[in-house]
Amino acid sequence: MRFLLRAALVLLALVGGTAAGAADFGALVAALPAGSYSDRAKVVDDLAQSGDPRALAVLNALAADDLKVMPDGTVVIVDDKGAAKAAVDGTDKGTPAADQLDRVKVNNAVRRAVRTAIGVLTLRDPDPAKRLAAAREALRAADPDQIDAVDSALAAETDPAVKALLAEARAAAVLKSDAPAADQLAAIKLLAARGDDAAIAALAPLAGAQNPEIAQAVKSALASIAETQRLWGLAQNVWFGLSLGSVLLLAAVGLAITFGVMGVINMAHGELVMLGAYSTFAVQQVIRLHAPGLFDWSLVIAAPVAFVVAGAVGVAIERGIVRHLYGRPLETLLATWGVSLILQQAVRTIFGPDNREVGNPGWMSGAFTLGQLQITWNRLWILIFALAVFAVLLAVLKRTPIGLQMRAVTQNRAMAANMGIRTGRVDALTFGLGAGIAGLAGVALSQIDNVSPNLGQGYIVDSFMVVVFGGAGNIWGTLAGAFSLGVANKFLEPFAGAVLGKILILVGIILFIQKRPRGLFAVKGRSVEA
Amino acid sequence: MLIDRRLGIFLAGLFVLVVVVPAGNLWLAGQPVPTYLVALIGKYLCYALLAVALDLVWGFCGILSLGHGAFFALGGYAMGMYLMREIGDRGVYANPTLPDFMVFIGWKQLPWYWWGFDHFWFAASMVLLVPGALAFVFGWFTFRSRVAGVYLSIITQAMTYALMLAFFRNEMGFGGNNGLTDFKDVLGYDLGGGGTKVGLMVLSAVALAAGLLLARAITVSRLGKVLVCLRDAESRTRFLGYRVEHYKLFIFTVSAMMAGVAGALYVPQVGIINPSEFSPANSIEIVIWVALGGRGTLVGAALGAILVALAKTLLTGWLPEVWLFALGAMFVLVTIGLPTGVLGALEGGLARTRRAPEPAEREA
Amino acid sequence: MSAPHPIGGLPTEALPQLYLDGVSRAFDGFKAINNLSLVIDKGELRAVIGPNGAGKTTMMDIITGKTRPDTGQVLWEQSVDLTKLDEADTARLGIGRKFQKPTVFESHTVEDNLALALKADRSPWATLFHRTTAAETARIDELLGLIRLGNLRDWMAGSLSHGQKQWLEIGMLLAQDPQLLLIDEPAAGMTDAETMWTADLLKSIAGERSVIVVEHDMEFVRALDCKVTVLHQGSVLAEGRLETVSAMPEVIEVYLGR
């Protein structure tokens, strides 16, 4: 009798299906324990189609093995304390002994059905983010049986992003169904426009379709997707290149001041960058200990600190050493190299030789997608920061009195001195400015690189390459040099590998300097005697 | 005069070393000179030869090469390849032709650029040819387009940096990170034996003496005078009809070969060569040897190398964290306070006390 | 332009030593040399005057191959295209140049300075194995006498006075045995007596060799007693004897009349 009843219910569910809908929710739940695994999977599908708000809890319980049958045939959900509640209406059924309960068994096929069903149900979730995730899942695991559910969700959907994704999910499902050729062609077109891996996954099985029209459409759709992906890949490479370029720009722009404008080779430049990174670390330590709430502001606080610390060390280097060596660039190179060794060892003695942990504030972590581009927030902020530093520097040089004095001293020291400019002070300030910018670079680099005493060493060759390539004496050249080297590096990497790519770039620059010994944006002038 | 007073004194000192050290290590009772000291002295002598090579280009021609470590390392690798092939089937994997690291990364046969290194004469000629060829090609491009001064320094640094990155790669076939090591013997002599160590040290001393004499011969010749001309007034030299780039190329190549020989003698004495020898920091350290000893004095460069290396050995063993401070301070103080180096200051002091007239030294 | 003719009774041949025609060279839009034409005969002594920025130094740079002209012809003995050569080539061809600021090899002796300038094989190989010959020593002695530095042969050139460096440089030029000497402001920093002596020296050199002297000092130019070319804004403004050109109104306006 019980068996017959169940059989009838199952039959009813199978026949009624979606038409029966919510009204028969109770019957569907009651039918769950009956029949074979494939029957159960079908009931799960029907539950999803029903769109009943209660169905989600039942399916979740089924997935978690918490759906049990009482001796009287009532289907209950047992929570982790053993309390049972009726699956249909939630009435309390006490705490039955475990051996009195029958488990509603599931196999992998049922589990899959449950997962899909949960996805379909989530399509109705009030939270758009959850709906979006569900729609993405529906696209991934396209199922012809879901078409109706997706259709109804589509009709109710108001969010355009979710709506578009649902339409694509529907198209993917249509492709798996035996829908008429016209519908399938429309679906292919829709998916081709999407142009990503999910679209390829949905389309690829149809490449060998019987219908030549469809097979052809799929083939051209796949080709167009490949093209789209290639373009996005290109864009991603450009982004990586710009990101690397922004790091190079930060590392090099301070050098462009000291080397480019003053003609001083500062081999300790990398160590000034390192000091900036350690300043960030120190600021974060203080914040961690005394004002944890300010952590998101730590970089904003660290930037001026790093500028002042590195700038002060820079002024000290200029006054103490470089000043005595003007006109002797090779000696300056050697002396500042000595300073770099001293700074490295000083930091190693104070902070220890190991990497120091510098945290990312909330707004620096995570990523977002733009089309098919993956963009991490920290890289984006560093790019913005690099450009901002560049713009400020340009403004200082071109628009402020001290910038004017700097340019005057560079162009004609004796004349500038005659006009009452205190050239010694200007030299110190110029050098300090370059050093301070190195410190700012250190703040940014602390977010993406290991903060260790060797941090600066990794950048010194690269940043000289940027300045030399761009053309000393021209900070626009540094900008162009940094970004073109960054992008070139990232485009070489896929073919040559990271290390070989870098070697090729170095060799390229060495050859380039033969052709243009004064860089990309060389300042041309009349030849000077001797 | 080929051998002036300072070179004479130095060569005499070198001769004493060559007599005293082997005697103290091999023949005297109680071995007053321990074997580790012999190897250490040998190492210093290689550094001294490297410093002489750099002084030849920097002191006399004004080319501040920040990549001389690369020529040294290439010479070292050429010798290292021979020593690897000498191991034969005594390696861990007992492969008769392939060095252990190649077996380890799954290579089946010896790459073409390793061919011939089982012959000593071939390796020895590569010790000269590889650094020489690199210097020639690099210099040919660079000097022809009149890259000079700090630009030249920076791209020589880029050169050694690029080579370092390249040699770090396993696929290059030079042992990657670990480089070449575990050598057994050289020309059949056991590298662990005290006799071999003494022999190598004596050889290094001979090479240093030969290098100094060659460098001296070059610098007192008319060519050497032209080098000084183009160091001091390059444009004037051109207008006299000297093709400046040819002179630079000549001296750069000779110097690179000399550095290669230093590297080749260095490797069997320290028992390893790895890519860190290419690091830009190493190359800059060579410059301070020369600057400290006295730029353009040859003997001073050799002395500077030995002094700095000795200080490094003592300090790193004694107060490791002080070494970089000391080295850094040395760079700063020598460039600012001692532009003529220790030798220049000493001789200048002597000259002043004797109130010598014009210090013009006539050389035939 | 009209055919040049010798001044001061110097012998001349039909072939010009140096021939510049329509030469222009711009630096970042500034025309340092603008359609310059100039002919120097064999053995001629020529003074070139002109205000600052008239293109005198650039003209010398072009003749010696240091700077390539944008357009125009520069011919040596009517056959060799100087625009294809560099400094060392032109020097070997027989063009000697003296800089405005005296440039000698300060860490070599006076004698070595001259020895290095002597006409000889300039290849590294030849210099490496070079041995001083008696002929060379004799030539050096002769030059030392000519430039009046005989008693200073072992001095470092760096320790010479300004005027002595000027002479040493002229001596080096002569040691090269050039066909054409380009001399930039030789009288700068000299006493009056030295200036006159230098003018005599240059006059005695001319005849066998061609000489172009760039000079500001009018007394010196007058003492040279030769044809004068006035440069202005990169091209020839006037040419002729000093008395003639200095009477021309346009010359007075741009140069003398300031």
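Just so it is clear, A, B and C label the chains in written order, and each chain counts residues from 1 on its own.
Note that in this section a residue touches a chain if its C-beta (ideal position, glycine included) is under 8 Å from a C-beta of that chain, and two chains touch if they have at least 3 such contacts.
Being a predicted model, the structure only gives us computed values, none of them experimental.
S.K.: Based on CA centres, what chain would you say lies at the far end from subunit A?
M.R.: The chain farthest from subunit A, judged by C-alpha centres, is C.
S.K.: Which chain wins if you rank chains by how close their C-alpha centre is to the centre of all protein C-alpha atoms?
M.R.: B
S.K.: Report, in whole Å, the distance between the mean C-alpha point of subunit A and the mean C-alpha point of subunit C.
M.R.: Going by mean C-alpha positions, subunit A sits 68 Å from subunit C.
S.K.: Rounded to the nearest whole Å, what is the centre-to-centre distance of subunit B and subunit C, using the mean of the C-alpha atoms as each centre?
M.R.: Subunit B and subunit C have C-alpha centres separated by 45 Å.
S.K.: Find the geometric centre of each of subunit A and subunit B from their Cα atoms only, then give the gap between the two centres in Å, rounded to an integer.
M.R.: Centre-to-centre distance between subunit A and subunit B: 48 Å.
S.K.: Which positions in subunit C touch two or more other chains at once?
M.R.: Where subunit C meets two or more other chains at a single residue, that happens at 99, 103.
S.K.: Which residue numbers or ranges of subunit B touch two or more of the other chains?
M.R.: If we look for residues of subunit B contacting two or more partner chains, we find 233, 235-236.
S.K.: Two-or-more-chain contact residues of subunit A, please, as numbers and ranges.
M.R.: 529-530
S.K.: Spell out the part of subunit C that touches subunit B in their complex, as residue ranges.
M.R.: 64, 86-88, 91-92, 96-97, 99, 103-109, 112, 115-117, 122-124, 127-130, 132, 154-156, 159, 172, 176
S.K.: So in the complex, which bits of subunit B are touching subunit A?
M.R.: 64, 138, 141-142, 144-147, 149-151, 153-155, 157-159, 161-162, 165-166, 168-169, 233, 235-236, 280-281, 284, 287-288, 291, 321, 324-325, 327-332, 334-336, 339
S.K.: Would you tell me which residues of subunit A are touching subunit B in their complex?
M.R.: For this pair, the touching residues of subunit A are 265, 267, 321, 324-325, 329-335, 337-342, 344-346, 348-349, 457, 460-461, 464-465, 468, 499-500, 502-503, 506-507, 509-511, 513-515, 517, 529-530.
S.K.: In their complex, what parts of subunit B are in touch with subunit C?
M.R.: 218, 221-223, 225-226, 228-229, 232-233, 235-236, 238-244, 246-247, 250, 358-360, 362, 364
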